[in-house]
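Across the two complexes that follow, subunit A remains constant while its partner is subunit B and subsequently subunit C.
On to the complex of A and B.
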């Protein structure tokens, strides 16, 4: 199985892509502004839930319950989608998903396809597969449309073009659409809108992702801020929705929890501008809607995750709050992760849905600051999962010999206070050889050399606390005797 | 109250003054402080690096060393969060050590948390005073022990004549992250540079930082970048102010 699909480039090289991201000051500034704006908006909006923690806990509980009975809810969803007149397909792998969608398009005589935003379609590289199969595919989410023009991947799971400033986009539009340069967002948006209107009018097929799939009614909830999701599901004669199996919620009323949590966490909105509930194809008497409706349920490793130690990561509703809160993501941007899912959630699910060997750097590249855990509306303990993945890496043969020896030594040293104390004293003697005015400016090799690339290292204290304690204790005891309180 | 000090290895070896200040403050507040000399490290470096077995061995030792303590106080939110968030999890399959890990987790408090949330100290009688400008960096692992920035800032605001200057991106990680700083030196370096630039922009004389790891990182980077700011644990300010009891304290003694 090659779950990353046929279009995956060479093996990921995280350190190399980080180096190039950090060298790009323009990117750093764009990321800092955009992520902080979104993070601030989220924080400002969450109190509207009244008791945000209670709502987040409820969201987590509902998903936990659903995941624990996923077989039952998949069955119920499938039954109800069929009852509504839809056709359900199961895709085990990325290739299966692409094949299924291409076959649907071919059998329906489709030529032109419009798409609303879908991360799972990015995951299976659907666009490339459909274009290779001869179809015209147009992304209709403004951000995704910009990326399609630029031939880039999303750098964020909600705001895919976060890494680009409006000046970048102005230049891109001037270059690709032959218009005069402007960086005025309304003008740029109007131009994109005019192009996309024509695409909608002439499309035979619409493809969407799914935010939530309601098992009890077979309803799909698709939220957007641009209305393109509604156009994709109401204008073309064939509609295909693609979802990971973890997107199921049991009841329609559960949307009351998730629609609030998603909009607030993702973009700091009370509710998204457009909330579509799609329940099958056009019925007799309906004024619009597709003639045919297909739902593709993708597994691609999710069942395996569900059976393992990280199953709670499947609670993720793809709001991107953890990306916006993450100080590492802010510095390196989404592309550096070389994964469809970047940021903290990406560091966990990318190795799980692909292979830990290919993405062995991702779980390590976190300061474990827990900003993601604090931001997550589904209360996924990503830092704890990163620690578990690190432990797996260590036992999986990915730990360098020097580190293994280092931690064996550390363990010995910390097991005995004598070793600890002597080790510190020896360390100070060694450091004094390198220090000037109490600081080391450059360590010769090893981890210390990495440290001193960006910071000075102070000398260990001349007398550590444990050596000062007896005198301190005696002083306090004496005082107490002299002035009893 | 009888309080057992868990000084932490970084405070012990790099910032012993902080340890002394904590002891004096607790003593002034009428507590008896004991210090088990056998203590070393809580195991965090190994745990955070994925060396869970090594971390478990050191954690087990730590549980033994503090077995007799009634209340454990530590001047590091980071080490406190390891004991509270991860010790019970580390021993979840160990019927003997698990209850002891839970017991230690339940009786361990970070220094400011202990003063403000457990003891709810009334500072008015201490007449705290500090003449100067100060800003505050929020250490990430305070999240794990449910200490919000306001919990520390509330204590900072108790100092008369202290001009508090808010730090932009106060809650953004300084880039330390233990071994992260040397595994991904360039990302960590970019993060600490950002932090130093924000500190510089406040123009504050003192940065209050209550975690040895962040202090080691931020102080070293400030020195490298030529930013002249004193980095102090709040215990250092408190100790000086309590000692002076209303008299002017301008500079914290080295």
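On to the complex of A and C.
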């Protein structure tokens, strides 16, 4: 696992942050409404692809091929970016990436930097590094700008400020921008537009993420709805794009396939408002555009993932569909995961890109309902990966003693009729002592206590199902015979 | 410069790739991803799709009608300063003449700061895509990136024969050396970052008018 984990003050404590998220009823309601809306919009838009499953399979196949030959495509991309007049840098760690960008800025005499939304820049903590190095950095995506003012991290990879209400944002703007309080989204947006426009005009450098990098042409695709990606790459004299090395696609025609999938899966839009394609700095004779263009390729654990059992997680196009579909994410929101990438995909790639020991609770935070697998446009089998991670945790000795004993007992019970009946009978006697009207409202200890913290537990049935089944089956057969066929 | 060398970087990826036994082919037939058949009425679909995404669209028969439409839009948004991209598109000369006649201020397209002062930007397009209701613009030569971005209102002039059916057709067009910057515009600038409430007009134009000639 990669030694360069995120700069976090304390080790993540998932259980504690989940408890605090669940105690925040307001957060739960906000996340639930927003994620359901985006999920519904996705479901409504996907059928437009005719045979969505076929397109998703195609997307998965293209990425599989690319990843299986990634060395070749990296070389091709690098060669073409250079041919177009760009400079390519190679970062193995988060520190490398930050250092490279800071060096570029320093050498170009840059002071003011505008940034378009990029999850990989969150992953390497680029803003902190650049601000520490003395540069002025401004996030220009409205959501990211709000987070920067509030000194917070994104809670969703596409709609980063989903956890904040308009009242929160109104108060924040009044406080930080000295304006009169309003909670009207159009007014708040107009104020941000005016502030950020001045930032664009005076910026020396623009930083972007990359949604897709086309190897055959050296073209980088950046999608936004607001237009900040266009501003960041059109106005400043230096442009730096930072990408995880897995973002490569071979051909421009492959890009068309992903453009069909990405926005539909993310927000239920047919396509984002702006799809920006960058192929190097301004050409001789161009009247505008950046004079210098840099691409930073980041590994940070990805090559290790590529060589291992979870390589298919690198197919992810960061649409966030799995977040919106996930019943766990809907309840606890993004911050509780205490990782840059939350939700189902985060539960898989956070331990992989950092360390499983630090994030041992994340793979457990799933009901394995497969909603994420069903939603994923790249058909990444996240539930299977979560199970495999759990298995690794068990073999790695990360499972607590109580679990190991508990599951051994469970296995014993499930494998022996006698133990099963005996255990169930004992359980029923025990539960009857605590139950009222057929429900246990509170268990004193053990896994039952965790269960009853948030919900009631029904009393075990008097007669187990396997004993009732012969009679039920006879009844069913009789009914079937009586029905005219 | 910080970071690692290309060789060091590639060596790690080569090792990882060598560990993979799978060897899937790059699909050559992408027809399964086609949404709009080549036989479809691309112009009608394009007009429907751009309307769906809150852009305005009109189709005119000739250049005289086009100039009239442009003038009407400029009057409607009460524009004072107009940036006309110095590239070739239908009726450009007539539009310039007509707007001069109406004593509107025509901004210098070569001046970066002036682009931000414009009330309206007028450009041509490189192509358009019916499937997604997108207009495709490129940099290069006299074309201005900011002409379709900085003003609150953008007018795009599209020749009917520039409209392609599917994104696959757009990506398959032969392109002799890609321009430094290209953009597919598929709606007015918008955000839903605050409580998913839709707000039109953030960093780009809040009004996109598409005029189809022919």
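Here, the second predicted complex is superposed on the first by the 434 of 485 C-alpha atoms of A that agree within 3 Å, B and C clash if a C-alpha of one lies under 4 Å from a C-alpha of the other, contacts with A are read in each partner's own complex, and residues count from 1 in each chain.
Keep in mind that, in the parts below, contacts are C-beta pairs under 8 Å (C-beta built on N, C-alpha and C of every residue); 3 or more make two chains touch, one makes a residue touch a chain.
Everything numeric in this text was worked out from a predicted model, so none of it was measured.
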Which superposed partner A:70 touches (first subunit B, second subunit C, both, neither): second
First (subunit B), second (subunit C), both or neither touched by A:90: second
Which superposed partner A:78 touches (first subunit B, second subunit C, both, neither): second
Subunit B or subunit C, by number of subunit A residues touched: C
Contacts of A:273 with subunit B and subunit C, given as first, second, both or neither: second
Partner chain in contact with A:226 - subunit B first, subunit C second, else both or neither: second
Touched partner set for A:100, first subunit B, second subunit C, both or neither: second
Which of subunit B and subunit C A:52 touches, first, second, both or neither: neither
Subunit C-facing residues of subunit A, complex: 30, 34, 37-38, 48-51, 54-55, 57-58, 61-62, 64-71, 74-75, 78, 84, 88-92, 96-97, 99-100, 103, 140-143, 146, 159-162, 164-166, 169, 185-186, 188-190, 192-193, 196-197, 200-201, 217, 219, 225-228, 230-231, 233-235, 245, 250-257, 259-260, 267, 270-283, 285-289, 296-297, 299, 303-304, 306-308, 311
Residues on subunit C engaged by subunit A in the complex (per definition of touch): 1-6, 8-10, 12-17, 19-20, 22-27, 30, 32-35, 49, 52-53, 109-110, 112-113, 116, 131-134, 139-146, 149, 166-168, 170-172, 175, 178-197, 199, 201-205
Touching residues on subunit B, where the partner in the complex is subunit A: 7, 9, 11-16, 19-20, 23-24, 27, 30, 33, 35, 37-41, 43, 45-52, 54, 57-58, 61, 85-86, 89, 140-141, 143-144, 169, 171-173, 175-194, 216-217, 219-221, 223-224
Contact footprint of subunit B on subunit A as seen in their complex: 18-19, 22, 28, 32, 36, 327-328, 330-332, 364-371, 373-374, 384, 387, 389-394, 399, 403, 407-408, 410-411, 413-415, 417, 420, 424, 439, 447-448, 450-451, 453-458, 460-461, 463-466, 468-469, 472-473, 476, 480, 485
